[in-house]
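Should a chain be cited, it is by its letter among A, B and C, assigned in written order, with residues numbered from 1 in that chain.
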Amino acid sequence: MAYEVNTPVFDGPFDLLLHLILQEEVDIHEVSLLRIVEAYLVEVQRMQTFDIEIATEFLLIAATLVELKTRRLLPGKADMDLDEELALWEERDLLLARLLDCKTFKDVAGVFSELVEKAGLSFARMAGPDERFAELMPDLLEGVTPVRLQRAFMRAVQPKPPTTIDLYHVAPIRASVAEALMELLDELPSLGRVTFAQLTEAIHDRIAVVCRFLAILELYKQGRVDLEQSDKFGDIQVLWTGGNDVGFEAVFNIDDYEG
Amino acid sequence: MSDEETEISADIVRALEGILLVAMEPVDPTLLAQLLEQPLAVVEGLCERLSMAYAEAGHGFQLVKVAGGYRFQSHPDVSAYVERFVLDSQHARISSAALETLAIIAYKQPLSRQQVASIRGVDPDAVMRTLQARGYITEVSRDDGPGQAILFGTTAMFLERLGLDSLASLPPIADFVPPAEVVEALEQGLRIVPSNPMGASRNEVEG
Amino acid sequence: MSDEETEISADIVRALEGILLVAMEPVDPTLLAQLLEQPLAVVEGLCERLSMAYAEAGHGFQLVKVAGGYRFQSHPDVSAYVERFVLDSQHARISSAALETLAIIAYKQPLSRQQVASIRGVDPDAVMRTLQARGYITEVSRDDGPGQAILFGTTAMFLERLGLDSLASLPPIADFVPPAEVVEALEQGLRIVPSNPMGASRNEVEG
């Protein structure tokens, strides 16, 4: 069942996570990761256009959450590699620090909003000197010819270049949830039962693995696969139940996620 | 005058002062009467009284009736200081943003601030105030629509500074077909409704 | 105070009022001191006294110090009337995303787009372009590092929009550090090992 979040559109993964932990007073421990992912997907579906940046950031955070969650399910036994363990603590601290930073500036923004509102009640005088001083006023149009004006007009009505998506702070994206979903729809029917490890053994990119994971969750939501996890740290078994009517509906549904 | 009348009147006087202070051009008393929801005669009386009160108090500004409207201006007595200030605050060149805005108004006049905003994609408020203060553009009319948006056009000074006889002498842009979105922006801008969809979309862009 | 001193001072006050009335943006007291040929402290004192005198007299305008300078503006009390008058130049709304981005830049400036991105968790490109187009932020320098990233900071217009005299009038960031219970809630939410037996038992149920 989808976790309903009745709030305005979220600005990003931190926004959503802050909301999940603070406003909704939901402990990540209690709410399964699946629910968080679903809450996010609900938000994504509500967006008019899919923002690959937000999705990517979310995937990175989702990956951290997966690790936290997995680790938490382990009842205190330290059979984890020490390096891995330290890396996980580090990631957790980093995530916590980012959330705190994000919360701090959200609160500042609230104060800014009040200041703007208060200042907005007054209107500045900007009329400038009257015509008695016109002679003294600098002629801003000195050197401006009619042709320059014409060129300025052309420049002004020129279509603006579309905002480029700058991927400076993330690794190049070689995968998307939509793509992963397409691939899985292609592979799964013939495989029947397969483990998540097998599905991702050829993939070395963490983002791509998370994409596949989210795609599996999406298929689960659509009722096309069953998921089984026999023991706590065990591999996830993916069982295709969707029959052979692969195609339009599933793909149509995920159109929203494409960049 | 009863106490209540005095009090109402004080509020109206304050509102009057506020409006006149932010006005870029002399304000027609008819418009003032409308905004303050007072009879024209009352508003005109208030303006005269304010004007006298400023003179008596010996302020460095005055309220005068010019070109059929009321406006604040600096007092002639302090002109020497104002001149110094004007000369001191010279900025020699026009910014490209200001030039583009001026060009849009020159070619598409009369048009509202909203329409300029929709073409330029940014809030032209500050730039337009500067252009207006410099006397290159002016309020030419108000839109018929419910919003009654102020429509702007260029001035005689603008033509003079560009060495043009009339707007017809501007280099033609007829052979240049503006992109569809500009045409659409202009058309939409002409249909001004209180909750302007263009305004909304600009907000979204920002978000 | 001698008669002569009082008289000089009255003239200076009038000149001050005249200059401030024709100014199109807040006037730096240093410039005022220069134009009026008075010590800075005297001019600042006069501005403060004028400001108080207007408030006491109950005018519909006020003299305020904003973005490092003095300016006339309409009184907040009469905003309802003034808004009617300036109907189509209302300040465009600032989205919450834009406000958050402004908050980060205001306190951490100068900083790069990437630094903003890492705090907000989303690409701030579109928002920052709008803020730049509106004149609230500007490119202030370049990073020394290999990428030579452009560093951004806030502008005088940002201060004006918030009605602040300077960045120093911003509330200290320490006031905004999330309280202990929030930190605890977040730590709980992100904890790696079950912190208590209750948690552990719920864990089993869930597992």
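Side notes on the structure shown:
The working rule: contacts are C-beta pairs under 8 Å (C-beta built on N, C-alpha and C of every residue); 3 or more make two chains touch, one makes a residue touch a chain.
Keep in mind the model is a prediction, meaning the values are calculated, not measured.
The central chain here, found by comparing per-chain C-alpha centres with the mean of all protein C-alpha atoms, is C. Of the two chain pairs shown, A-B and A-C, the one joined by more C-beta contacts is A-C. When chain centres are defined as mean Cα coordinates, B lies farthest from chain A.
Separating the CA-averaged centres of chain B and chain C is a span of 26 Å.
Separating the centre of chain A from that of chain B, both taken as means of CA atoms, is a distance of 44 Å. In this assembly, the C-alpha centroid of chain A lies 30 Å from the C-alpha centroid of chain C.
Among all residues of chain C, those that touch two or more other chains are 21-24, 61, 72-75, 79, 82, 86, 91, 94, 96-97, 126.
Chain contacts: chain A has residues 123-130, 133 touching two or more partner chains.
Taken in their complex, chain B has these residues touching chain A: 18, 21-25, 71-74, 79, 82-83, 86-87, 90-94, 96, 98-104, 106-107, 119-121, 129, 133-136, 158, 161-164, 169-171, 173, 176, 178-179, 181-182.
Of all residues in chain B, those touching chain C in their complex are 10-11, 13-19, 21-23, 27, 31, 35-36, 58-61, 72-75, 77-79, 81-82, 84-86, 88-89, 112-114, 121-123, 125-126, 129-130, 133, 147-150, 199, 202-203, 205-207.
Touching chain B in their complex are the following residues of chain A: 123-134, 136-150, 152-160.
Chain A makes touch with chain C in their complex at residues 11-15, 18, 20-22, 25-30, 32, 51, 53-54, 57, 61, 68, 71-73, 75-76, 88-89, 92, 95-96, 98-109, 111-113, 115-116, 118-130, 133, 163-166, 168-169, 232.
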